[in-house]
Structures are given as structure tokens and as C-alpha cells.
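One chain, chain A, links the two complexes that follow: it is found with chain B in the first and with chain C in the second.
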Partner chain A sequence: MTNREKYNNAFIESFDVQENQLENLKYQDIPSWDSVGHMGLVSELEDAFDIQFETDDIVEFNSYEKGIELLKKYDVIID
Partner chain B sequence: MTQGKYNIGNWKSIMDYDEYLTLKPYEQGGQEKRRLLSRRISDLVCLHAGRCPEYRRMLEVDGFTKEKNDMVAGGKLSYEDVPFLPVRLFKELSLKSVDQDEVVKTMTSSGTTGQAVSRIYLDRTTSMNQQKVLAKIVSDFTGASRMPMLIIDCPSVVKDRRMFSARGAGILGFSIFGRDKVYALRDADMGLDVETVEAFLQKHQGEKILLFGFTFMIWQYFYKELVRLKEQGISFDLSEGILIHGGGWKKLANEAVSAEEFKRALAEACGIARVHDYYGMAEQTGCIYMECECGHLHASVFSDVIVRNPKDFSVCGTGEEGILEVISSIPESYPGHCLLTEDIGVILGEDDCPCGRKGKYFKVNGRLKNAEIRGCSDTYEMKR
Partner chain C sequence: MKNHARFHKAKLQTVAAVTPAKRLSLLDFADEFGESALKRIEKLTGIEEVSIAEEGMTSADYCCEAARILFDETGIKPGEVESLVYVTETPDYIIPATAPIIQHRLGISNDTINLDLRCSCAGFVYGLFQSFMLIECGACDNVLLLVGNTPSRYVNLKDRALLMVTGDAAGAILLTKSKTDNPTSFSFYVDGGGYKHIYIPAGGSRMPIQKGITDVLEYDDEGNGHTLENLTMNGLEVMNFAVRHGKDLINNVMSDMCWTPDDVDLFAIHQANEMMVKRIAKGVKADMTKVPISLKHTGNCGLVSIPLTLCNTFEGVRPELKKAVACGFGSGLIAAACATCLADTNFIKTRIVSGKQEVC
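Now for the complex of A and B:
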């Protein structure tokens, strides 16, 4: 699985969304991406990439695109 | 004053709040903080006056004109001069400054049967800013990396995702500081889930652990159970733990448990040495007042506390007891930036706490007499 696939899967698993909904998806855009869903997404990504987010990055993570940017800090590159 | 004066249609803040949010929480003191927070509060006055008709009418009744608000922004007046709303108003009125379709979350404060419930409407911006401010304040005490987290509550408290109780919101808000989260209490009977806690501590032996819960719940369902188990020869070592707790002392005061006794007893029961109380309310989520290593509650640069004389609401000096007013720089979706609480307390000092944090530090002495009995962690009534 590519990093992009892993990344997308974490969203699909956490929020019960389709792949074509992911582009430009923002925190609180859909009912499932609320504060509870957000922590679920964080755990999915931490498991998928074997990383541990810092608190600040969890707070900054507010869109599908922002997550890709933040993951670079953890040496996870999503092409 | 005419109604149109505050009706500014396209609100644009004079201050960049995103930049404000990059400040460290306890580095600005004295006039510098006063100026920063005054400018932000005057922005919020304009915003809410323009978008919340009830709020605008209250300003008018108080004679707080746009000119006065400009003086707050300019530094001739300060947020101390801005009219405050009694916190219970949120129980009586549905106060919001956004359209209903922008509301992403509604928070309720204490809701035991027979008590009125506050409703706080949050839009995306306000809810995110609450989380950001909370992260900055708490990280100052816990550090940036997340710790394994033991929540001293039961899982069902966060069940309804659109409508949070203060307890649920507190737990979710603090969950960003933890990882590998485990609930210590069972849903069915609030009993301590000994096996789960043992497995959790085993797994994270030697690591720093974050414990979070509400003051009364911790005492009633965790501490008392630890003592009982100890008598049976079962004990837990939480000497690597940091406990953060809030929700108020009313119920414990009834049991004659003081803050000092709470700490001493917990240390004796499980070895925990770092215990931080916090003061805060659902109406100003995010801006909490953390207790430092010296036992003082601290206001961060994102908020402030003012003590008012109950007779004429004038501002009390340091060391003088009065009613607490709380100021928050966060709320954009509801007019909750200046609120008079039903708590009494006293300012202990400003900018000179031995812990090194700038800003006011204070103590909460209890609740106003005749105020409706309320305390967040007190909403779980024991069924006998």
C-alpha cells in the first residue's frame, strides 16, 4: 500500500466516507469528523504510519490537505 | 445611542486573533497583557453587538456606547469597563452570534434534573480556538508529547457526540493530551475497573502517565476504592502520574475535604505527586485556570479574572474577596467573553508567583450564597 492509500484509508475507516469526498474535506464539514472522530483519525494514522502526533499538530490538523503537510514533520511523505 | 452604531454588517477584527494564539500562555504580564486582551475584547464586543440582538440591547441598557468600546480598544479604558453578563443568562436565553447552520456543537452545562441547563453554541472557529488555547495552557504543564492517559470516568459520558455535557466536553477536550486512552470506571455501576487499570499500568510501566477526571468523581469512585483495595492488599503505583482535575469542590467541601487533604490523601493512596486542579466553566471552554506547583490558579494571556465587590460591582484589590468575573478572548459564536460567575474568590497576586508564570493568580473560595447550586462534577448523583 502506498502512503496515499494508507492516508486515505484512515479517513475512509474513521469517517465512513468515499474516496472522492476527501479532497478539500475540512474538520466539522461532515458529522463524523467531529472532535471524537478526529481522535479516531489520529489513532488510525498513528497506527498506519507508526508515529506519534504531538498535541499541537492534532490541534492544527483541520483538513485533509493540512494533514499531509503535518505528516512531513514525521517523515511521512504522501505523494 | 442608536441601534445602528454597532450594526457593522461586515465585522473585521482590528486584531489578528490567529497571531494572538501563537503567544505563549504565561509570558505577558501587567500593561502589555491588559492592552492585548482589551483590544481583543473590544473586537468581540463589536462582533456580538452586530450579530446578537439581545447582547446589543444589553449594551444599550448599560449605556456602553461604541465610543466607550473604542476607548477599550485604544487603551483609555480596559476590559474591566466592558459590561459583563451573568453566567446564568445562558440558561434563560438562547444567545448566539451565528446562524444555526453554522453551529457545529452545542455544549450544555450541568444538567441534573430540576436544574436549568446552559446552552452554548459553537461554530467551527470558536470550537477550534477553544482546543488551541486549551492545548497551549495545558502543554505548559505537561509538555508537548502525549502521555498514556487514564480517564477517571466511565465511557458513556461521551456518548452523544452532538450534545456534550460539561463532563463529556472536558474529557474530549483533554483527550488531545493523551494516547492509548483507557476509562477507569465501568458504565454500569461507576465501579473501578481493576483489571483494565492493572493492564494499563503494566503496559506503561516506567512511563509518565496522564490522569484526568472530575474532582468529585475522583474522590468518590477512585480514591475511596483505592483505599478499600489497599486494605485487601491490592495497590497501584501512580508515582509517575500527573493528575489534572476540575469541576469544583462543592461536594467535597460537604465532606470536609480540602484541596490540601485531597492531594495528601491521593499521594498516600497511590503515590501520585503531581496534582493540578483547574478552574473553568462550560461557558468559557478552553480558557481554563490551571493550578501551578505553588497551588495557585493562574490566568493565561488568553483570559483573565476580575474580582468584584458584591455590593456595587466595583473591582476589588488584591487580597479582597468578591465575586469572580471571567474574561475570555475566544468566543465568537456566542457573547460569552465577559461573564460574572456565581463563585467567590480572591486575587493573590499578579506577575510574581514563585512558579515564574506571569499574569494574575487567585483562589476560589466557594460559591455565592443563594446561587443555584451547581458544580460540573457534581451532576452524577449517587443512587442509593
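Now for the complex of A and C:
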């Protein structure tokens, strides 16, 4: 499974959304991406990539695209 | 460190906890919020149902129930209590404090030190701190610490996020003078700049209740409905505060006691939700087998969640709990942690009560 697939799956699992909804998706755009859902997404990504997000990064993580940028800090490249 | 304190002369002798019999199951709201949304919340928070105070019952009523159980189980008589500390964010009245009412109701002596503390999810640790101070300074040889909260009274039925995680409960803890040295460490952090992150805007002196103004239903960015008279929470900001400072404070008290995470026998972390407990535990490198989680049938019971978790997890004296850490965090924003020995502490199994309102 590629990193992109892992990344997308985390969103799909956490928010019950389709892959074609992910581009430009932002925090609170959909009811399931609320604060509780956000923590679920963070946990899914940490498990998928075996990392632990810094607290600041969890707060800064406010969109699908921003997550890709933040993951670079943890040496996770989403191609 | 300025935010730090060390004590030696007190110990927790007995811990009791009660929850109301009434439960609100998340699935009761399937029509309102959708079953898949509820199942997602249940999976993420670890909460299936929340305990709800019965009509007319207050935090003080449930604390009296917990205190009576403690008296019955330990044989201590109300007249032997030398200090009463009551911690809550849901007092019976704006004036007076609730502790004197509890003193009268329980038959505790008139010659006691008696006070309320207003503190929420860090309130158990703050209550311990106050109680340790009273014993350490020689003012008394025992303290009855009561912790109670009924936030469900302030949660709007249209607030999906809070309705399905916020529970009501009460606890009673007897602290006594220790015959042997009992080193105990406390550490604190506060950021009042974040006070609006857990907040009931109206009903106090700053914004009195006004019909047609403070009772108007509005929806926030996450689709949760509430009025100015309801509890509101910015979950992400609270999580940010809790994870950052909860971890730091636990590390502070472990460091002060010269304990490593492996040395610690118990991490009793405020049960905000399962994810947050696990995240803080992971942050301090705690072995998860030493981190009890007990939210499933009560929800997040605020300042009672730590004693409730202890009484859900343990029964009787547990000599293996020589090195225990407790950490609470929440409204204020306030966080507090404590490290002490619980090897001599008697835990009374949590009771479910359906008491009646008592009027003095």
C-alpha cells in the first residue's frame, strides 16, 4: 500500500467519506470532521505511519492538504 | 519550581464513589444524530452511555450518599471528621457555599474547618492538595474530601458533542494523618486565557440570565446547539492544553519523586475520553496496563472521574499501589498532577444510587 493510499484510508475510515471528497477537504467542512473525529484521524495516521504527532501539529492540521505538508516533518512523503 | 509542592504527613485512607442510576445511552439519540455518527463517537471516546443525575438531585446530594457509604464501610463517625472540603463546579446555590449545608446534613461537628473549592476536571487533585495542606500544617488530623459534579444539567439536548460524553457522579475521600513519612508531590499549571474553551457564559454575575437573550438556541461550527446558559466546549483547544500540560505535570511529579515511568504502579488520568487518556499515557511512556480506563458506562464525570476510576478498578486495600500518579485537566484552563503512595488506601467498590433530594 502506498503512503497516499494509507493517508486516504485514514480519512475514509475516520470520516466515512469517499475518496473523491478528499481534495480541499477542511476541518469542520463535514459533521464527522469535528474535534472528536479529528483525534480519531490523528490516531489512524499515527498507527498507519508509526509516528506521533506533536501537539502543535495536531492543532495546525486543518485540511487534507495541510496534513500532507505536516507529515513531511515526520519523514512521511505522500506522493 | 514555583508551581510545585511537597508534603509528607497525610495519606488517602479510603475512597468511595457513586453514580446516579439513570443512564443515557448514545443509541437513544440515533434518530436525532444518526446511528453511524453515534457509533463513530462511541468508538473514538470509549463511551456507550453516560450517567445522569435524577430530577432534583444535585452534586451535593450524591456526595452525601458517597460520604454515608464511606462512614458505613470504615466505621468512622461524622462527628470524628475534623475538616470538610467540597469540590464542585455545580454548587447548590450562588450564595452560600455548599460545604456548610453538607456539614449540617451529614451531622459533622460544628467545630470543623469547612470550605468549597470551585474547580472542575483538575478538582480532585486540587482537593487533595487542599486536604494535604490542612493536615500538613497541623490544623487537623483528618479531612473529608467530597467531589461532585452534575454538568448534565447544563448540556443542551442539541449538543451532540457534550451530550454524549458528559456524565454525573460523586466521590468521598477520607484523608488522615500518616503515621509514617508519606512523600507526596503536586504540580500545577493554569492558563486563564483559555477560560472560554469550557464555559457557561450566562448565569453568573458577569452575564445574568435574561429571558429572550441568554436562552436563545444557536449552533456552533461543528453543528452543536446551545444557548448562553449551556455548557460549551472547544474540544480541540482543550485537548491541546491537556495533552501538552498533562504530560509535563506528570513528568514533574515523577521527577520530584525520583520515579521513572516504569517505577509507577498506577497512572490515574482524568477520563476525558479514551483517546485523550491514551495520548497522555503514551506521552509519558506509561505502560498501558497501568492506566485504567472506565468511561464506558458513565462518560466523562469531570473531577470525579479519577476517584470513580479507582473505585471501578480496585476493591479493598491494594498494597501493590506504592507509586501512584493522578492527573486532572479541564476548565479554567487548569491542570494538576499528584504523586503519592496508595498502598494503604481502602477502595470501596463504586455504588449506583438513586437517592432522594434532601432539604435542610
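By our rule, the second predicted complex is superposed on the first by the 79 of 79 C-alpha atoms of A that agree within 3 Å, B and C clash if a C-alpha of one lies under 4 Å from a C-alpha of the other, contacts with A are read in each partner's own complex, and residues count from 1 in each chain.
In the analysis below, a residue touches a chain if its C-beta (ideal position, glycine included) is under 8 Å from a C-beta of that chain, and two chains touch if they have at least 3 such contacts.
Nothing here was measured: the structure is a model prediction, and the numbers come from that model.
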> Mind checking chain B and chain C on superposed chain A, clash or fit?
Replying inline: clash
> So, does A:40 touch the first partner chain B, the second partner chain C, both, or neither?
Replying inline: second
> Touching A:24 in the superposition: chain B (first), chain C (second), both, neither?
Replying inline: neither
>> Quick check for you: in the superposed arrangement, does A:58 touch first (chain B), second (chain C), both or neither?
In response: both
>> I'd like to know which partner A:16 touches here: chain B for first, chain C for second, both or neither.
In response: second
>> For A:2, using the defined touch cut-off, is the partner it touches chain B, chain C, both, or neither? Pick first, second, both or neither.
In response: neither
>> So chain A touches chain B in one structure and chain C in the other; where do those two contact lists coincide?
In response: 28, 31, 34-37, 39, 43, 52, 55, 58-59
> Where on chain A is chain C touching in the complex?
Replying inline: 16, 28, 31-32, 34-40, 43, 52, 55, 58-59
> For chain C, which residues count as touching chain A in their complex?
Replying inline: 36-37, 40-41, 43-45, 161, 221-223, 234-237, 239-240, 243-244, 273, 275-276, 279, 282
> What does chain A use to touch chain B in their complex?
Replying inline: 26-28, 31, 34-37, 39, 43, 46, 52-56, 58-59, 62
> Of all residues in chain B, which touch chain A in the complex?
Replying inline: 104-105, 124, 127-128, 131-132, 135, 138-139, 144-146, 158, 161-162, 172-173, 175-177, 179
